[in-house]
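Take a look at the following structure, please.
Order of writing sets the labels: A, B and C. Residues in every chain begin at 1.
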Amino acid sequence: MKTEVEAPGVEPRDVSGGVTIAGVEKSFGPVRALDGVSLRAEPREVVAVAGPSGCGKSTLLELVCGLQRPDAGAVTAAPAALMPQRDGLLPWLSALDNAALALRVAGVGRAAARAAAREHFAAFGLEGFERARLRELSGGMRQRVAFLRTLLAGRPLLCLDEPFGALDALTRLTMQRWLADALEREPRTVLLVTHDVEEAALLADRIVLLSPRPGRVVETLDVPLRRPRHRSDPAIVALRERALAALGADS
Amino acid sequence: MTRLLLPLALLLLLLAGCGEKEEPSAAGARDTESFTVMLDYFPNADHAGIYAAQASGEYERAGLDVEIQAPPDAAVPLKLLQAGRVDLAISYEPELLLARDQGADLIAVGALVQKPLTSLMSLGDRAIERPEQLAGKRVGTSGLAYQSAYLRTILEQAGVDPSTVKETNVGFKLTQAMLSKQVDATLGAFWNYEGVDLERRDRDPEILRMEDLGVPTYNELVFVARRGDLDEVGASRLRRFLQATARGHEALERRPAAGVDALLEADGGLDRGLQEAVVDATLPVFFPEDDERPFGYQDPAEWAAYEDWMRENGLIKRPAGRAPLTNEFLPGEGLDPGTSGLG
Amino acid sequence: MTAALIVLVLLAGWEALVRLGGIDDLLLPAPTQVLDALWTDRDLLAPDLAVTTWEVLLGLAAAIAAGGAVAIAMHVSSEARRALRPLVIGSQAVPVPVIAPLVVLVLGFGLAPKILLVALVCFFPVAINLYDGLRDTDPDARKLLRSLDASRWQTLRMLELPGALPSAFTGIKIAAAVAVIGAVFAEWSGSDSGLGHALLIANGQLATARAFAATFLLFLLAVCLYGAFALLERRVAGWTPRSTPGGP
């Protein structure tokens, strides 16, 4: 999907829809978040960035979205839509208005934005909840609203920051399946940050493993497996173990 | 401020007919000059003569558009007068002399109340009938320096050792202090007001007047003007005001009820019965004892004696300067230079 | 229910104290006398209540307008913040009983000085709470809007202002509670109407029951004002997640 909206301050742009990160370093005061990270996502590829908490994964997404500038190295990215860790939903807006938020910011009128969002509500399992307040929605529903918003921003690149981190294990499994299906229907370039290597294996085409702070790429694993994937698939299990081993989390 | 006009207009509609301040008549305003008078306190029976004059059109006939204002507290009238915000203020003789001691160029142009109203008051079973009985007692005052001086003078005259008398500042809650028995007696309540009020409520007040206890007599309420305002135009206005006020008091004497009516229109929160009783009690002291003297007459000899007393008691520091009073604007005066007091 | 019972017990005790305990009812009238005065003097007190209510409402409106403008200015511009912050804090430190006579001296006895004084008393809680609320936004939502290229105005309008409503209401409720005090002090400094004025006149005539009745009406006014804003808050900012479920 082409878009007219530019990611702020990200130079140069990748017009094909992919992301290239080369040797990026970023520090916040004395804290070194990223220490020379490189990765590549082709257009329409799902790349998972996995690692322990505090290894700079969120910072990486902020660099890609143009919210931060690297101290060293280069970031070349298509216009990106960010889905922050704690979904960023606004409690005073209904589910529909939250989903329409990106369109509203882009200048679309309220009626048109709501209509656009409403079209997807059924497909996202949110039918009937258009006027619902956030507190009436389950955790999974909230994530789906947030994801719809992210999609409706109409940008080729999606940066998802631990989208399922706040969900319970059961909901998480359901949502992982759901996300795989959604991306099947609407393919985008996706940078998915997660601390769950199994999730990475289920969803991604490639897994980039980061070390604890300062974040460096420990290993990059390709996942040439067909979809739909299941937890119990031996290949998935093997991949998971390899990733954990690489991260030094052997049992 | 124009944005306030709409809610203000609505407000006035709401309040129509209920306790509104007496508005000066606008009819024939072409020929009337505006004249603001600030009372010494809230409108009460002491001012009945002034309100009577206004209600009966005396001021209008004198070509004056009089606006009567009530101050929030007793210290304000002279301040506003000095600031030129009002044309005339009603205040107390000691307050005027104190202000002049501070350098204010103010002058008393007429006496509204000829005698002291301040009294030594006590209630019921604790009544102080003679000043000698004050020994060992607690006396409440409003904390004014001259009230303390009155007390000292009274004790001296009665031969009571002042160290046996405990003086307490009860602010303006003189009556409450007596009722709650915080004090045995108070000095500062008016015999024509609090005294009458307590009498009507069967609290059996014992009242001793200042001038009977050895304090030099004085005019409790006086009309005060700024000397600088008394040019030809100002003097004419003042003279007309005082003449109309004198007629208002004469009307009050003939029909006290009319004055009370006018008073109640100015402030509906007043109690008719009380105000009528106070007017009755006060009428004798609205006029000079010597009926040869005009309404508002101030006796220069009495003033001099009082001023000396203040100086002796350390209340004023400066030596006597220009006269603090003049009678030249009173009805019938100003034609005979011998009766003015201007130095 | 228990609160009502406690109040009733206290009232009964008060009544007994005056009737049987020998307290002069010119000092402390019994509750029944106060109620009687409320009814008997209603023609007197009703217009005064209207006047004071007007003063409070207009003053509060002025404070909300000024406080809102200042808070937003301080939030959006650091020069404004530097310039205005000491004034905002100073406005709270001004002792109203001292300032009130000065304001009346300059502005006279009309409605204007009362509105100014009420606004002065209410300004600080409104401004400071709104300002804190504007700063205190969800950092993830803020990040989101930035990533969507929202303009400063969009961020203010879509995120910061709605998000600041709960804090703003806290400030307004506090202001509502103290606005009445401001109006009374203003009236005490120069007025010919209003409940504060009625209080003074009543006290000066030993009409103590009426004075208590006027005080009660002032209390009622403050409570109703607070309640009205609390209700409005529930309508407008009812989305706020509170830590205790089912709380107001």
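Keep in mind that, in the parts below, contacts are C-beta pairs under 8 Å (C-beta built on N, C-alpha and C of every residue); 3 or more make two chains touch, one makes a residue touch a chain.
This is a predicted model, so every value here is computed, not measured.
The chain with its CA mean position farthest from that of chain C is A.
Of all chains present, the one whose mean CA position sits nearest the global mean of protein CA atoms is C. Centroids built from CA atoms put chain C at 48 Å from chain A.
Our note on geometry: chain B versus chain C, Cα centroid distance of 37 Å, whole angstroms.
As a whole-number value, the distance joining the C-alpha centres of chain A and chain B reads 84 Å. Partner chain B is touched in their complex by these residues of chain C: 24, 26-27, 43-44, 46-48, 50-51, 54, 58, 101, 104-105, 109-112, 115, 188-193, 198, 200-202, 204-207, 210. Interface of chain A with chain C (complex): residues 5-8, 62, 65-67, 80-92, 101-102, 104-106, 133-135, 153, 159. Within the complex, the chain C residues that touch chain A are 138, 140-141, 143-150, 154, 158-159, 162-163, 165, 237, 239-241. Interface of chain B with chain C (complex): residues 1, 4, 7-8, 11, 14-15, 18-21, 41-42, 44, 69-73, 76, 79-80, 83, 85, 175-176, 179-180, 197-198, 201, 203, 267-271, 274.
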